[in-house]
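Given below, in the form of structure tokens, are the structures.
In the two complexes below, subunit A is the common chain; its partner is subunit B in one and subunit C in the other.
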Partner chain A sequence: MTSIATEQAGEMLISKTERTESQVVRDIEHGETVGEPLMEDAKMSVRNTDVFYGDKQAIFGVDLDIGKNQVIAMIGPSGCGKSTFLRCLNRMNDTVEGCRVSGELTLDGSDIYSKKMDVVALRARIGMVFQKPNPFPKSIYDNVAYGPRLHGLASRRGELDEIVENSLRRASLWDEVKDRLHSPGTGLSGGQQQRLCIARAIAVSPEVILMDEPCSALDPIATARIEELIAELRENYTIAIVTHSMQQAARVSQRTAYFHLGHLVEVNDTEKVFTSPEHELTEAYITGRFG
Partner chain B sequence: MTDQAKAPVESTIDKVNKTLARRYRAEKRFRLYGMLSIGFGLLALVVLFTDIISKGKGAFLQSYIQLEVTYDSDVLGVYDVNDEDQMALANFEGVVKQALRNRFPEVSSRKDKKELYQLASLGAAFELRKQLTADPQLLGKTETLWLLADDDIDTYYKTIGGEEFIGATSDKQRAWTKSLVDADEIELKFNINFFTRGDSREPELAGIWGAAKGSFFTLLITLVLSFPIGVAAAIYLEEFAPKNKWTDLIEVNINNLAAVPSIIFGLLGLAVFINFFHTPRSTPIVAGLVLTLMTLPTIIISSRAAIKAVPPSIRQAAMGMGASPMQVVLHHVLPLAMPGMLTGSIIGMAQALGESAPLLMIGLVAFVVDVPGAINDPATVLPVQIYLWADSPERAFVEKTSAAIMVLLAFLIAMNTLAVFLRKRLERRW
Partner chain C sequence: MQTANLIIVLLAMVGIAYYMGRGRSFALAKPLGGIRHLNSLPFYYGAQTAIWCCVPSLILLALWALFDEPIITNVVLSGLPEAIQPQTVADQNLLLNRIENIASGALAAGADEQALSAAADRLNGLRETAQWVLTAAILSLAVLGGLWGWRRVSPKLKARNQVEVVFKSTLLACACIAILTTLGIVFSVVFETIRFFSFDEVTITGFIFGTEWSPQIAIRADQAGASGSFGAVPLFVGTLLISFIAMVVAVPVGLMSAIYLAEYANPRVRSTAKPLLEILAGIPTVVYGFFAALTVAPFLRELGESMGLDVSSESALAAGGVMGIMIIPFVSSLADDVITAVPQSMRDGSLGLGATKSETIKKVIFPAALPGIVGGVMLAVSRAIGETMIVVMAAGLAANMTANPLDTVTTVTVQIVTLLIGDQEFDSPKTLAAFALGLMLFVVTLLLNLFALRTVKKYREQYD
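Take a look at the complex of A and B:
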């Protein structure tokens, strides 16, 4: 009895200054995404996209453009659908049992989910780096060479060597591993493994790289190196990164998208999101009131 | 403050220390239990091995009698060794008998002579034929040769000095044997026949090679059929099949099949392969088919477990690179699951090697003298051979049975060692 009474009292107290979270959530279920989700000349565009796991809807009507040679950061509380959304972009959701994606997703104007789109070719154009480093239990060389071999990118051995070296250099791993290219990739440290995974992803020269919390298993120094790397990669690639660290989002991205319970609440330039967020949920999240 | 200091407060670490002693005791006890059970297992193994080895080691040696043999043309009825008809009808037994008569000239009565002739095995005549065919110059010459003794003499000779086993030997035969012993004209030699011949009614001529080859052909067929089928089924079920109630049903049924008594597979094989498809009875091919049915569930279950153990992150990484489902399986899942699959398959093979019940149903129990040369020759297999010998009345088959068990165990140990070796060799960490 007493606890309910105090809760009600507390709620009333808050509601004087601001609306309760449940009210806001009721609001976003009908509301549009605030900010500037759409843009001219987008690399990828997502329209009216829903994702279901069985009967449960995980993403609700998202519209979003991803700009060329830009880093877009996706933030939001745990379970809000960031990973789910990211996996839509290279059709990794196809491999999830019971997952259904609807809506219109395009890469350079061509529909990703059309029957004509070959998943293999798509994933050669849109690479992915996972949350936990997952190198193959093969040598460092074979890890990086896997994609080029798979897609037949190198006709000669020398060409393959070149691709491997270039990729490792761009992932700033070359100096550390150049003497042991043929030792197992799983023998590297966590941060090195993640950079190896990035090298593996860029070895096929994708146009877009998706990163799902790439630094969550890493220490600050390794994280800093990967952030530097992302900044360099931006010159040639389009990058979508999911992160739990607001500082990281602020450091590496040009645009930031805030997700909440499967809804895309706000998209704006990163600076704007972190200095003067338009939506009260965004503000609540970045100021640490929930998440 | 002072109040608290006076009160005998127990700090957390004191409490922990108290339970610690108990924990150590429990740990010690547990280790003891483990050591006891392992000790018990080892003891059982040692008892089994000593029993089998002490019983069976005699089978590796066989008694030979030294005799002066004359390749007498008149006795043999052979005047030209190159004449095949003459050789086919040649009376080598007569030569052996003559040699025995010459060695024991005092034997005169017809009945005694008959007993005397029983000292030598039929194998002695085979040996002489072989010698003469190899070297035609021997015709008419006299040679001192070691010839195979009969199994009763062999058994008796092996027990002289201990608790003598006389079996079917007569007083006179034992006296002759003793005189041979005194003259150093009877000796135990390595029993090459045991490793080179097929089954025989004569224990001194019975060998394990026929059954070993039969087992080899049978296992070859089982492996060639069940490994690819089992692995393919496991891959399909794990990687491609939709997860619905049909696949659940299949899973339940596979698990059930693994537990079905093996004799049922024999009945199935009899009904399907022999009565319906008319596969030749008593052959490695039909035995291999039946054992394939029997080992498939084991291989499928262990292969599925091996595939399940491949971390999903590897699959995701490969798919993220654009590998097709088939490429994910071929490049990553199979190599990583292979050690587990191989181990499971070899254990299944070892089971199949030791299986006899289903094979009795499909005629592998037939008495086969010839060593099989192909998968559709009549054959028997090691465990069935053991069963057949264990069932034979001759005393000399007792040691043969144990020796055959040793051979079977050697095969099993070799296969299991191979399994461990392959696993160690192929296993990769990730």
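Take a look at the complex of A and C:
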């Protein structure tokens, strides 16, 4: 653990609780995750997971279950490892040089990191929406049809049209773009682009959707639409969302996980986390004392 | 004083002027309480003084160099006696040459040429005087300019702004030199081309659409020679054939190595392989030329013979193939740059949808980088069309109009070289044809470059 980050966190706490720095460090490093990280009938489960970038450890022994048709929000100060953790769930960290993941991560009981697991198939089952909208420089139609074409989901043109229309409807973008499906996706507004990326992700019918701060580049109105969309998508998909906005976490999620310096500090029902946090670090963060 | 020495002295004076101007600004600043009470930093006062010292004298020097010779020769010529005054321009040049030679001592004046040796003496005398006057004028102008600049130094003088203006004008002048040179070259080629088309043997349509190229014509009235025909089509066909072969080699190899380097190679391999690949671009084309002529061409010929093919010893294939190798770094380096410039978020987006690396490259990265890649390829094509040395050595001289890569062909650049090598008359269509070919080549490559630049510009609009 880098000492500077620990010190900063320590200082902030000392100002409130008058404890020594070493106590806080021990507290984070040896403390069990408080709340209810595990659950019955989980869609994905993560056990004892460490992540390293080269020699630097970014995630320390995380245990967490992600429930089916639920939205789980991951919050925490910058650099706490929440995005890193999210990218482990569909092995996007494989593309990062020197990144190592250990522990047991499963999707419906099968090990994500086993040699038998086909990364391509895995990523088709676990879709991802990124922080910055990243539509391909292709038409709106081709953006959405990209995944289905890749995985051969449609054998006829008509089927593909149907998939595209359904995906755009689910992403509540259809009405805005139905007359210009063949104009470039990069010509849309930021919020529309992000909804296009969501449509692109759901076009391959994933089971889980990972969202890495999907609204951080959007204005409040576009953000509100994405949040509505997340609430609708929950009926069919399991969603894990990383966010910097605690209000957003409170609005869209059923469970909330608080990360601090690579440790999973607290997991609980969202309402509980925001009304009566069990861990003092969580409380300090959600009451705005740092982060 | 010699002009070179004069410039050295002038430089020394400029240095002194700089330090004097700077010193004066310090001295003026002291009673005011430091240099922050000056309008500009002392450097600018020094530079301002130095500019006053050197710019006017340099302008004088340039003007002098322009008008010195014509005035002196005019004076010398008008001093000649009526009897030997030249009548035509050619006579005048001849006479001047002779006086010049006598003056420099290369020739002795004949016994009956008193007037000429007097003129030669006069020339020498005038030149010497002119040089002294020049030295005196330049040095005094430099001193006066420096003093003026020095006197102007005051806390209120906006030296910074003035130096900036001079700096900007210098940059502008440099830009103008490049542009004017290009214009000059174009115009000289255009005028020679106009002269070429003014001959009876050639017509513009015959040149552009003619299919027979044999520029050998009788250069003396009594010489038995071919009448010559100037149809440029076989040359352009040859050029295009060789360029096409070169691109067939260079584009796939260059692109694939670029994709490997940009997408697959780990950073260590990339940092060694890329410079190594770019060394290919550093090999002189003449080396490629003898590689093509002495190694590749005989090899292809033997290979062809063993398969029962008739391969000429100087084949388009050999020249084009080697040219392609030469162009690989062009394509790969430019393609590598544009592929690396495709944002990582595009890759993430595609990989996140379950695409493999090669699918991502094929369907997202390549299309996104395509305009840039096309730009790079077009630049490489211009390079291939303009390439001379390899084809001179390996492609041959026979102006065959053929699409068979095993045949010998010739290119525009090869013909320009052969037309202009050796002693040539500059009023025969044979020689002037080189300029017409050059102009046409220039237009073709210019169009290609414009196309390439437009594509690159389009690419720039694609992201942010």
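Everything that follows uses one rule, which is that the second predicted complex is superposed on the first by the 268 of 291 C-alpha atoms of A that agree within 3 Å, B and C clash if a C-alpha of one lies under 4 Å from a C-alpha of the other, contacts with A are read in each partner's own complex, and residues count from 1 in each chain.
Quick note on the criterion: a residue touches a chain if its C-beta (ideal position, glycine included) is under 8 Å from a C-beta of that chain, and two chains touch if they have at least 3 such contacts.
Please read these numbers as outputs of a predicted model, since none were measured by experiment.
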*Mind checking subunit B and subunit C on superposed subunit A, clash or fit?*
clash
*Would you check which partner chain A:F136 touches, where first means subunit B only, second means subunit C only, and both and neither mean what they say?*
both
*For A:A124, select first, second, both or neither according to whether it touches subunit B, subunit C, the two together, or no partner.*
both
*Touch check for A:E235: first (subunit B), second (subunit C), both, or neither?*
neither
*Does subunit B (first) or subunit C (second) touch A:D55, or do both, or does neither?*
neither
_Under the stated touch criterion, which partner chain does A:N90 make contact with: subunit B (first), subunit C (second), both, or neither?_
both
*Going by the overlay, flag which of 77-85, 113-121 or 131-139 in subunit B ends up clashing with subunit C.*
113-121
*Check subunit A for residues that touch subunit B in one structure and subunit C in the other, and list them.*
90, 92, 95, 97, 120-124, 127-128, 130, 132, 134-137, 146-147, 150-151, 186, 197, 200-201, 204
*Name, in rising order, each residue of subunit C that touches subunit A in their complex.*
266-267, 343, 345-356, 359, 363-364, 367-368, 462-463
_List of subunit A residues in touch with subunit C within their complex_ = 90, 92, 95, 97, 120-124, 127-128, 130, 132, 134-138, 146-147, 150-151, 186, 197, 200-201, 204
*Which of the residues in subunit A end up touching subunit B in this complex?*
90, 92, 95, 97, 119-124, 127-128, 130, 132, 134-137, 146-147, 150-151, 184, 186, 197, 200-201, 204
_Of subunit B, residues touching subunit A in the complex_ = 243, 311, 313-324, 327, 331-332, 336, 428-430
